[in-house]
Amino acid sequence: MRQYILFKDALKGLWKENPVFRQLLGMCPTLAVTNAAIFGLSMGLATFFVLLCSSIIISIFRRVFPHQVRIASFVVIIATFVTVVDLFLKGNFPEISKALGPYVPLIVVNCLILGRQEVFASKNPLHRAVADALGMGIGFTLALIALASIRELLGSGTIFGVQILTLVGEGGRFRPWIIMLLPAGAFLTLGTMIGISNFFTGRAAKKSACH
Amino acid sequence: MRIRSFRGGVHPPEEKITSQKPIQELPLPKKVVIPLSQHTGVPARPTVKVGDRVKTGQRIGEAQGPISSNIHTSISGKITSIENHPHPLGPPSLAITIESDGRDEHHPSVKHNNDYFKLHPNEIREIVRGAGIVGLGGAAFPTHVKLSPPEDRWIDTVILNGCECEPYLTCDHRLMIEKTYEIIEGLKIIAKTLEVTSCYVGIEKNKEDAIKAMREEIRNKANMEIVSLKTKYPQGSEKQLIEAILNRKVPSGGLPLDVGVVVQNVGTALAISEAVKKGRPLIERVITVTGRGIKNPANLRVRMGTLFKDMIDYCGGFAGKPGKIIMGGALMGFAQHTLDVPVIKGTTGILLLTEDEVNIEEPQPCIKCARCVDSCPIYLLPLYLGIYGEKELWRKCEELGALDCTECGCCAYICPARIPLVQLIKLAKQEIAAYRKKK
Amino acid sequence: MKIMSDTVKMIAVLTIVGLISGGFLTFVYEQTISKAERKSLESLRKAIFVVLPEAVDYQELKLADQILYQGIDKSGQKVGLAFLVEGSGFQGKIEIMVGVDQDLSRLQNIQVLESVETPGLGGKITDQEFQDQFKGIAARPKITYVRNRNPVTPKKPGEIDAITGATISSKAVADMINKEIVRVWEALQ
Amino acid sequence: MNELLLIIISAVVINNFVLKYFLGICPFLGVSKQVEASLSMGMAVTFVMTLTAPVVWLINTFILVKFDLRFLEYVTDIIVIAALVQLVEMFIRKTSHGLYRTLGIYLPLITTNCAILFSALFLVLRGYNLIQSTLFGFGSGVGFTLAIVIMAGIREELDFADVPEALQGAASTLIIAGFLALAFMGFSGMPTK
Amino acid sequence: MGNQLLVSLLTMGGLGLILSIGLAIANKRLKVEVEEDPRIQEIASVLPGLNCGACGFAMCSGFAKALVEGKAPANGCIPGGEEVAKQVASILRIEVEAREKKIAKILCYHRGKARTQFDYQGLENCRAANLLFGGNKTCLYSCLGLGDCIEVCPFDAITLVNGKIEIDEERCTGCGKCVSICPKGVVALIPEEKKVHILCNSKDKGAIVRKICKEGCIGCGICVKVCPEEAITLKDNLAYIDYEKCTECGICAEKCPTHVIQVTSNIEQ
Amino acid sequence: MKEEHFLVSTSPHIRSAEDIPKIMYAVIIALIPVAIASIYFFRLWAIKLMAVCIITAMGTEDIFQRLRKKDITVFDGSAIITGLLLAFILPPSLPLWAASLGTFFAIALGKQIFGGLGYNIFNPALLGRAFLMATFPVLMTTWTKPFSLDVVTSATPLAQMKFAQSFVSHQSLFLGNVSGSLGETSALAILIGASFLLIRKIIDWRIPAGYLGTVVLLSSIFWFIDPKGFADPLWHLLAGGLILGAFFMAPDMVTTPVTKRGRWVFGIGCGLILIVIRSWSGLPEGVMYSILLMNAITPLINRFTHPRIFGEQK
């Protein structure tokens, strides 16, 4: 029974309550950094890490935080882990760090993370909080990769840098869709993806549950 | 000089096919059906019983309350029933059926008054009230009420409405040519009753002969002017008429009397003069029977209560297959579902459209062309009234001024998407009234 | 009384959270700083050596508000100056390391360090092909660009080909280098 | 003077936070159903941004840079924002009921609005001085307001359109945001600061 | 290193301290007592959340507030029925009197398929059509079948089947929205378990009804006479059943000459 | 037994002759001179491009209406206009597959996802072009000289002004002997069609008047200040897609304000944005962006320009 609950906690993040497609949480990084799959993956993992660590801390100490400074404390904890990730990326993956630029610090205010702390970690025991964070983190990462792959494929003909469609200049016939790498393309692609997923699951997406 | 007019409006084909046809007298009908509700306000109460014998001009219905009107029999004969009968404006309602005795004997109350010019305004009001006169321009508002403004209101102008802006209709046009003198007499009586100094008659430019005749008649009369107006619908709507002639704007939700004006139809003026001079109550009027759906279009003088089928038969019957039978004009008239309805005081004409003239296009989504906005003489946004109406957002309709709409039909006429805007607005008005009442 | 203790608790918790966070971050920072800083220094160094191919070492020269990198070759000779130029292109900031001859007459090489130009369009300024155009061209009177060059006409000195569809980015690169060279020249006088 | 104007203009239209940098998307999607509400939200954001910018600048210049503690930037920024928002909320609630009704309810939502944190980080990155920072904060807020109010206007209109079910809500909003971003591209390449 | 750690601790700790003290002061000085009764939330969470308005309040939350303030009866939520009423009552710690569930019934045999007297063109909307001569049906009291009730029903209980309006008794919660919107007043709320109905709304005289509708109530009064419980009365040429008295014996249905009285199980629903 | 019934409906009982298809086909007729001019200048390319765009537009409309099980209104003319106008604002040498993709985007995302004719917020043809512009900027800025059937890239007058500070003569601009989009080259042809629309009152004169007026006013001011750096007003009027945009795209009723005051605001706003973009942005041409941006705020304009109801007191 216990396993079952944990399983459910973890699984719901993948599709039923997918933070991107279903809950529309953390939209800014979702849109901003997904013009190449590798960035989507990095951003997803970074977010995942912060989510997991802060969920653990907050779940453990959930009874300590007084109501009035609850959010402030959560935010500080999250910001701390974000700084850790940021330093880590700067030290080890300077290119990625540069590409993600200011969107790494924005993980601090990613509604997904704060939202999960508010709704879940601060109210549930450690093991469930971890399961939830795992599900949400993986769901978020997968969604980012999916969106980023589509944009990268159409925008540059590659996925994770691997050439899939040969370009016009290089003997192929594909002309990259530059819009896919631009803000407009991000909005359009995500909008269309959400539309299609609604079409197949037969329900209109919940309105932004972010704030 | 700029032709005087108003902003907005439409110009549908004029179709005044009967404008040169003199008024004919319809032979006495065998039977008339006289509804007790022929006017704005409370229906009259019958004062006769089944089986009673009545004489032409005898009062058979008594006004109930301040806004109501007396009803008189238009022929002499026997009352055969007092029960619900189809009414041209709504569900069947109480009506008095009279079978003619063919003699058209006048009731003794109908008698000439040679000293009419000596009457006191209040006496005139009493005569008008007693004669059951209501506006003949269509709205059938009791005239004595208009002639009795509250003490604190200052009326300075009377306008006679001879625009007849609706396509097809020509009865007012013919009256102005054939009864010029009586109309001006009526105008004088009104002016005297209201103690006003300036009088105007507004006539659309497409009735040159009427303008000429009327100008001829008022020569040497300093306080009267015949104003020639642009031919544009709804020039005859009183708010627009006042704007065009006096450049005054009747306030939203207000009445002409708020800007010191009384507007009367030319037919009403005639009726007033007949009542005051000859003691005749309102028992007959001129109507236009017209349209491509009738064999011999005509202007007819008919007794109130004459059934539509009698007039249509007199005019030679249908030409081709009838599509729609309309009481009134093409833009504001009421489509009828039976020919068993009687002429009432507000009937200005009977319009018969043939089957292929009847529009049955399906409405399309609004394309925001804003033709409706440009044509609305009240400066509403009909398209939003329609859009909000479809979604039943009545409060939004109210905010947008749905209650100010005169239902002139310009918007729906012009709409290329064929959206039934007027119907939506009518529904909105009903719903707004309903929730206002609940509050 | 209860309010009091609530308030104290609230203050205490937030302060402690702050303290822990501060301490923890300082610790992490100390662990990673050297690495991160080394990396970014390294990229700067690398860029200097790219744009001054002959140099093996450099010195920092601090002028009024600029930093110049004086390239030095094996024999200790001065082999040119390198400096960072910055400006805005079509989409935003562009940052380039530029290497010039000691007398500022000729470009040795450039390297675009930062650009947010449209990928696939202005983004091509980071392509080697584009940057290579600047190798050894005359810096005076100024660097010019041409759009859609007719392949037959020969290049004038100090001229580069603009990227098709990205005239603005190309122009921005040329303009900002021109401007900075003038500034450096004035500063050196 | 010219430069200051340019900072505002570029923050409002050219480098619009929502349409170019993808910031504050969550409220942009969530609170853009009605013009009035989004105007209030925009005003609240502008207010907080204008307020945080100088505070962040002061902390940054006089503590973080001075003591070489740049790595604490994120934490200090966010804590300032969180606390400021809360203070502002309490203040407004106490002083003006009307203002609280229009602005107040949106204030708590703002803490987690990434546009505000970004503007804090950005003004440091750009090396703005105190006045420039404040104007930048203000301009960015106005830019956000502009985007969200335009979106709200469109969405109010769409309530009466015949949008396929699957696209109603977030999907169509995102697609329209895409169109807006396309249209705003007309301003790219303008001189900015 | 040591120095940096110290400053950083000071900064963070100081910031935390200052801000939390600021907040604490603000909390005390600026606090406004707007504490909401927690029961409002609690009740709102057990309400169905349909915001149908049947309770007479704007949205379910309005009703919850009214409940707590004692301005609304615990069983006011009609869709929620007894179940919700009980939960509400337990939150408010009061007793509720049981309430009979009623469902809507269209008191017209034809339910939209009555004979017409003219072709109507315009909005597919009963209230709009009613403005034109009271609708195109020959019988002035019959259902117009354009489905305003369908639109307004929050529970999708009403549908159009072969041109006839049908009410799904399972889905209908008796909220009464259809009753108040119908311009013809032909919908009535009737106790759910009652099965005998007079399916006519015509207040016309018998002779007229006979002429225009085979299945109308002609006001002959036979049912009034045969009903052993004296449950039927005649008013304006139309028979009404008093459901308090009706025992569903079905005698009236048998005797009615036009068969407008029907026992539900017999109707081809 | 079906009785003979009369038809009953609410007034008015007559309708004006002009319905949606009539309006749309009038616009198509007005576009014929432009089509002829473009065929004259660009020969086969023009024909192919127009054909591909129109067919794709109609096909896309048809597919979406079938998918949504709605009435098929492919022949009401609006999709034809979208296709034709889109073709007119594309470079003549654009590959046909790209034109087709842009048209699909215009109809599918620009129009049908809002519910079809009447519901769209943005001008579909311009959205289609904006999409193509952002997707294939190089293809979209590769121009051809009139009468030459091979792709010799040559700059448009506006690009020449922006990047080379050189101006093409007014006469060439007016007659159309310059490179540029298919249909925007000849001001003469456009004006012929436009006057037909103005006379038939299909478009409201306020939008072009506001648009062109603002452009003339602002460009005169700038020109007086700096005659070398800025083009003269007439040149601004004739160059690029301004005339086509002002008479055929900006007045698209679906996407413009419904009040007269609103249409003034719309036209003037377009003019302002156009001059800003032409003068300071990185892009040479701004007609498309100016109209799209004003489309975006049309709902707000409508909201704030409600006319004062007759007799309404302040």
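First chain written, first letter: the chains are A, B, C, D, E and F, and each begins at residue 1.
The definition used in the following text is that contacts are C-beta pairs under 8 Å (C-beta built on N, C-alpha and C of every residue); 3 or more make two chains touch, one makes a residue touch a chain.
Keep in mind the model is a prediction, meaning the values are calculated, not measured.
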item: Chains in simultaneous contact with subunit A and subunit C; value: D, E, F
item: Count of contact steps on the shortest path from subunit A to subunit E; value: 1
item: Remotest chain, subunit F as reference, centres from CA atoms; value: E
item: Of A-D and E-F, whichever chain pair has more C-beta contact pairs; value: A-D
item: Per Cα centroids, the chain farthest from subunit D; value: B
item: Subunit B-subunit C separation of Cα centroids, rounded to whole Å; value: 85
item: Rounded Å distance between subunit B and subunit D, as computed from the means of their C-alpha atoms; value: 61
item: Rounded Å distance, subunit D centre to subunit F centre (Cα mean); value: 33
item: Subunit A and subunit F: spacing of chain centres that average the CA atoms, whole Å; value: 40
item: Per-residue multi-chain contacts in subunit E, two or more chains; value: 4, 8, 11-12, 15-16, 19-20, 23-24, 27, 117-118, 121-122, 128, 131-133, 136
item: Residues of subunit D whose C-beta touches two or more other chains; value: 71-72, 75, 79, 83, 86, 160, 162, 164, 167, 172, 175, 179, 182, 185, 188-189, 191
item: Shared interface positions of subunit B, touching two or more other chains; value: 335, 337-338, 360, 365, 420, 423, 426
item: Chains that touch, pairwise; value: A-C, A-D, A-E, A-F, B-D, B-E, B-F, C-D, C-E, C-F, D-E, D-F, E-F
item: Residues of subunit D defined as touching subunit F within the complex; value: 35, 149-150, 153-154, 156-158, 160-164, 167, 172, 175-176, 179-180, 182-191
item: Subunit C residues within the subunit D interface of the complex; value: 18, 21-22, 25-26, 29, 33, 88, 90-92, 168
item: Touching residues on subunit B, where the partner in the complex is subunit F; value: 10, 12, 167, 239, 249-254, 322-326, 328, 330-338, 351, 353, 357-361, 364-370, 373-374, 377-381, 383, 400-401, 404, 407, 409, 412-418, 420, 422-423, 426
item: Residue numbers on subunit C that touch subunit E, as the complex places them; value: 3, 7, 10-11, 13-19, 21-23, 25-27, 30
item: Touch list for subunit D against partner subunit E, complex; value: 63-64, 67-69, 72, 75-76, 79-80, 83, 86-87, 90-91, 93-94
